[in-house]
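By letter and in written order, the chains are A, B, C and D; residue numbering begins at 1 in each of them.
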Amino acid sequence: MVGGGPGAGIAETHRTAMRLDDRYVMMAGVFSRDPEKSLTAARKLRIPEGRVYRDYAAMAEAESGRKDNRIDAVVIVTQTASHYEIARKFLKAGINVICDKPLCLKLVEAKELAALVEKNGLIFCLTHNYSGYAMVRQAARMVRNGELGRVKVVQAEHASGWASKLVEREAIPQAVWRTDPEVLGDASVLYDLGTHAHQLSRFVTGLEVTEVAAEMNQIVEGRAIKDNANLLLRFSNGARGTLWASMAAIGNEHGLRIRVYGDRGSLAWHHEDPHYLRYCPIDGAPQILAQGADWLSSDAKRWTRVGLGHPEGFFEAFANLYTEVADALLAKADGKAYAKTDLSFPDATDGARGVAFVESAMRSYEKGGGWTKVELV
Amino acid sequence: MVGGGPGAGIAETHRTAMRLDDRYVMMAGVFSRDPEKSLTAARKLRIPEGRVYRDYAAMAEAESGRKDNRIDAVVIVTQTASHYEIARKFLKAGINVICDKPLCLKLVEAKELAALVEKNGLIFCLTHNYSGYAMVRQAARMVRNGELGRVKVVQAEHASGWASKLVEREAIPQAVWRTDPEVLGDASVLYDLGTHAHQLSRFVTGLEVTEVAAEMNQIVEGRAIKDNANLLLRFSNGARGTLWASMAAIGNEHGLRIRVYGDRGSLAWHHEDPHYLRYCPIDGAPQILAQGADWLSSDAKRWTRVGLGHPEGFFEAFANLYTEVADALLAKADGKAYAKTDLSFPDATDGARGVAFVESAMRSYEKGGGWTKVELV
Amino acid sequence: MVGGGPGAGIAETHRTAMRLDDRYVMMAGVFSRDPEKSLTAARKLRIPEGRVYRDYAAMAEAESGRKDNRIDAVVIVTQTASHYEIARKFLKAGINVICDKPLCLKLVEAKELAALVEKNGLIFCLTHNYSGYAMVRQAARMVRNGELGRVKVVQAEHASGWASKLVEREAIPQAVWRTDPEVLGDASVLYDLGTHAHQLSRFVTGLEVTEVAAEMNQIVEGRAIKDNANLLLRFSNGARGTLWASMAAIGNEHGLRIRVYGDRGSLAWHHEDPHYLRYCPIDGAPQILAQGADWLSSDAKRWTRVGLGHPEGFFEAFANLYTEVADALLAKADGKAYAKTDLSFPDATDGARGVAFVESAMRSYEKGGGWTKVELV
Amino acid sequence: MVGGGPGAGIAETHRTAMRLDDRYVMMAGVFSRDPEKSLTAARKLRIPEGRVYRDYAAMAEAESGRKDNRIDAVVIVTQTASHYEIARKFLKAGINVICDKPLCLKLVEAKELAALVEKNGLIFCLTHNYSGYAMVRQAARMVRNGELGRVKVVQAEHASGWASKLVEREAIPQAVWRTDPEVLGDASVLYDLGTHAHQLSRFVTGLEVTEVAAEMNQIVEGRAIKDNANLLLRFSNGARGTLWASMAAIGNEHGLRIRVYGDRGSLAWHHEDPHYLRYCPIDGAPQILAQGADWLSSDAKRWTRVGLGHPEGFFEAFANLYTEVADALLAKADGKAYAKTDLSFPDATDGARGVAFVESAMRSYEKGGGWTKVELV
């Protein structure tokens, strides 16, 4: 693991996800730029001192050179701005990568990473964790099975209320860097939340967003950046839709949701109740599909641990990605090709498409609105 | 009443709304262009033969000339295309008007009607019935009271599933004219449904939509017009939002809903459960406000007939407008000025703004998207 | 109408229900024991002075003797305690009766009324208004169609929060008599609310409650009676269940709901959202059936005025009973037999069963619990 | 761990719960009566061969005799019938116990276990996992804080649909033993599900069930036992309520829920959406309290890993108990007294009260209903 020292919230989520299905052992890492802090964190995680490195470059070099007991993959949980250089280093060293999202902040860098993955035949997982939910898999399968007919309208939202106040003035690190005009700037809400809604739209529908028209504004006065974005979307099959990303939508909790309307049916999923999927066929009553039910697809069943009425949540969905990657890593270790399916975990290409999407949305907004193409990396 | 003969669904809704609070007696009318059908309808409604007219012009003339027992107002429930000329005739004859929505199909005509109302000092009610719901009044009052702080984001939808199939091929009159390219054309979904969402946004927030960027597409293949529209909105106070109008959103029932986010709180209302309002203050848990509760505003209480847990619905909301108009008509008959308040029933100006909104949205769409100003009539 | 002078809330509901579908004209009445008040009320209702009577007996006599323009039925909306004598008088005079619930306060009287109805071939409607909801009819039809298999468990509640405070001390008439130990006593909560849940159970399942075991307690301290009752039920087909009646369940709004479980499926209906029915077949996902949907039974469609997504509520359900009775009255006036079907409006026998149910529950409670038979009148 | 070999579903849940917060290392065990199977399971769990025992007695003896690296506690996940003897053995050997629920099948045995825990000063956790949910803790704290006033009515349900079909004929082991008249008999539904609802009622309200009146019936014909129970409850403070336990309530998913009504407010919690709590104060609107919100009690916050809108579910609640026990074990290892608080994890006394409850309910049912006292162990 690179990153994830004291106070790094998301790293603990990654570690919990790793533990949940008992498929990972953490063996090496750089947990902080401060060697003392790094060592302290490592001890707590029962990692031998000899495999705590002074920086990511040293780790990449040393681990790639090991004869045995080499790490199968590195987990990158640093701030977004450093993803590119760290991921590149490990990919060049021939080490598989699991990287927190978003992939990076420039499309040109994203493309380079995707190309490296391809060239070196490596496994790269971008932990767009919402793609791991059983009922998101169910939704994706139903769309691909044609149960909605042709997809015509997609309404996606990641409108959270987490920053409804000026939390950046409370010295909460995540709030400070996410609202810093020098770090992510106005694009922050799109990188942080918009990419989740974008990925969810793509994962569920199997379509690409090809054009975007964007508008932004500010909810919390005194904030240094825009904190709200409304987008119109055009999809690769001609479908249309909207995407709303916000960090200050009071009362919305986490606020990730998607509704997909085809010409034969519709689906709705809401992260606040992730074990349900509302499905409505054109010729019948709306149905409440619940995780664990007998009649779900194998894609949903594969990621259900207990059964009907035993809610699984955020950690389980995160763990689903990790477990899926573990299967891929083992297959690769056995010399088998890792077969990416239509519903596999998100990878570097998915990440690059997210970056392309944000860049295009920002261009649209900055030029005063209007349709802007999104490059399909 | 003008219109409302056999098969005219909305006319029966108007008549039910009139009866509900026992504030109206129907005394005259033209119920069909066919004199026989008109007379038959009149008999069923117990209207004396002498006050069944051959056409609206004859009715306007005769009724305006009566010395006693003259109608207090005419109700216009014909197809949209004829609203303008009928309303103009009655307004010129000095007769108050209650008119089904939308007001008409051209902004220039809408302005003329609004000016006539003003000049002749008449009462004009456009039956945007959703403004009549007790909990919509509650929402509007809470926004005006500042309970949401400054309004920042408005998400409005009237995405119905009523025309998810090619219902126009089943010879249902409402489906035929609403999908006829020669009648309303691609603007149909905006005139029919979009104006409801537009009016609801204005009524709840007290803001005007000043600019719009529009995109349309088609859900049901084989249909002669577009049946789906996604719009970005800019509001008069700088708020932003979206409006989704659709006639083919499978599984959405009627699909009218609004969410308003301020910098101090948020509100959500959904027509499918109209007796509830979800309110979330910035510093507390979301609350479920229910019609009939003690702590609601007098604006909500005025329009609540029974009380908590006794749901009122579509007809009651419609009746609320009629009863409010009855009060205004009586006041006027008593020589008192009719005092329009900040939450009064929608009038000709509201109607004109709806027409301006649709015209601007269509211009935006037809030019390939991009922000387009909406004239504030 | 007998009763329904100033301040009589339920009478206005009856009158609204009569008006809604325009099937009734009110022609005569006694609106108060105070002749002045009665006359004032009658004038407001546009009833000719000659048909305002000094008391119910005079009304029954005079109306039964009229040669023409005689009333088709009398509506009794007095307090429960006087229902018996008033209803008896009209029934003996050969006049059809529409009576507010509960029927009366003694089983022996209830039986006499039911027998009189039968003997005189009259129409008697007890306005158990919840049986009038379209989706309650849908539920009843689905059970009778076998869509739930054999009914095994019934969970019924009418646990309202209306008297969560000592409202009887606020001089609200309905609160005063309903908590008066001399009027209804501890049985009040069962007569007022329990009979609704009992009738709903019978109407939906087509089963009878044959045994009851009851427990009561008091929620609001200082109240003169018990205000909460929990009952175990045994049904005629061997099904089991519970019934909860309360007048002080904080936060429950009106609190009428029913859940029916068979061995092939289940149904749930909640008065707070009366246009929905949750249906779950044994082999599929739960479905949300909405009033107005294409796939509902004709029993539901008959009582739907507008359509999907246009909520109908309390008044419409009440009006449904009135309109159904109007059909029966017209049939009878035409000399046709009034054919009671399996889903017709509640009548005197239904009322008598409600009284028998309350009496048995009170006997069980007063003897310290344990199963007590309910007489099937 | 004792038990938890191949196919033992609940054991995997225990192990996942142990791993989630990284507070446990599994070091010894007997995973099956078949030594081969036990060894295979142990290897998969990376447990050294020397600490895989031939039976629980050998394990208790050997582990209690170890000088160092001794197990801190044993986890018992065998079938209910063997809990008593296994737990007794370890308790007598001075080893702390974590035991799956229900505690055992006879009150006399339950008392003995509770007494042994007390006498030997040991930690005993009965994994009534629903007591581990953050929002259940919140509910319990609010009741104890008096936010509901005096508790008056408790409505508890654990009405699952898991055995709505004759699943026992499909050779599913859990279904076979749970419907075997020789194992748990008619009491099965009460032991398996009823004790959860009973414990939840006690944990949330802080009250004891002192009397019960029970009725049972059968939903699935052909089953060898009763599968449905409806109970009336009397609580130690005079409150009343009901408890519904079922294994065949079609459409109910897991079906665990509780509603508590006091004279100042009410609370409702439903396991299907465990991150929400509906709270209604007597003088305000119902509120939706969500896990992770700022205004929750420290009892809820202590068991929240991520925050608002990031649902935690079944495993997290289970893990909460394990982590709480880990704290107690560490305190004890440090020679500190383990301080049981009013909201600590369920223990042997809680388990004994569950057994007493089931025995009393069965006595009530078998004697034909009527109130039966529940011994407060």
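Please note the rule applied: a residue touches a chain if its C-beta (ideal position, glycine included) is under 8 Å from a C-beta of that chain, and two chains touch if they have at least 3 such contacts.
Worth saying up front: this structure is predicted, and the values here are computed from it rather than measured.
Chemist: Give the touching-connected groups of chains that are left after subunit B is excluded, with no other chain moved.
Modeler: Result with subunit B masked: one piece.
Chemist: Quick check: more C-beta contact pairs in A-B or A-C?
Modeler: Counting C-beta pairs in contact for A-B and A-C gives the edge to A-B.
Chemist: Return the distance between the CA-based centres of subunit A and subunit B, expressed in whole Å.
Modeler: The mean C-alpha positions of subunit A and subunit B differ by 43 Å.
Chemist: So, what's the distance in Å between the C-alpha centres of subunit C and subunit A?
Modeler: A distance of 55 Å separates the two centres.
Chemist: Among the residues of subunit B, pick out those that touch two or more other chains and give their numbers.
Modeler: Those would be 252, 279, 286, 290.
Chemist: Quick one: in the complex, what on subunit A touches subunit B?
Modeler: Residues in contact with subunit B: 150, 152-153, 155, 164-165, 213, 215-221, 228, 230, 232, 234, 238-242, 244, 246, 248-252, 261-266, 268, 278-282, 286, 368-371.
Chemist: Touching subunit B in the complex: which residues of subunit D?
Modeler: That would be residues 279, 283-290, 293, 295 of subunit D.
Chemist: Can you list the subunit C residues touching subunit B in their complex?
Modeler: Against subunit B, the touching part of subunit C is residues 9, 12-13, 15-16, 19-22, 160-162, 252-256, 271-275, 290, 292, 305-316.
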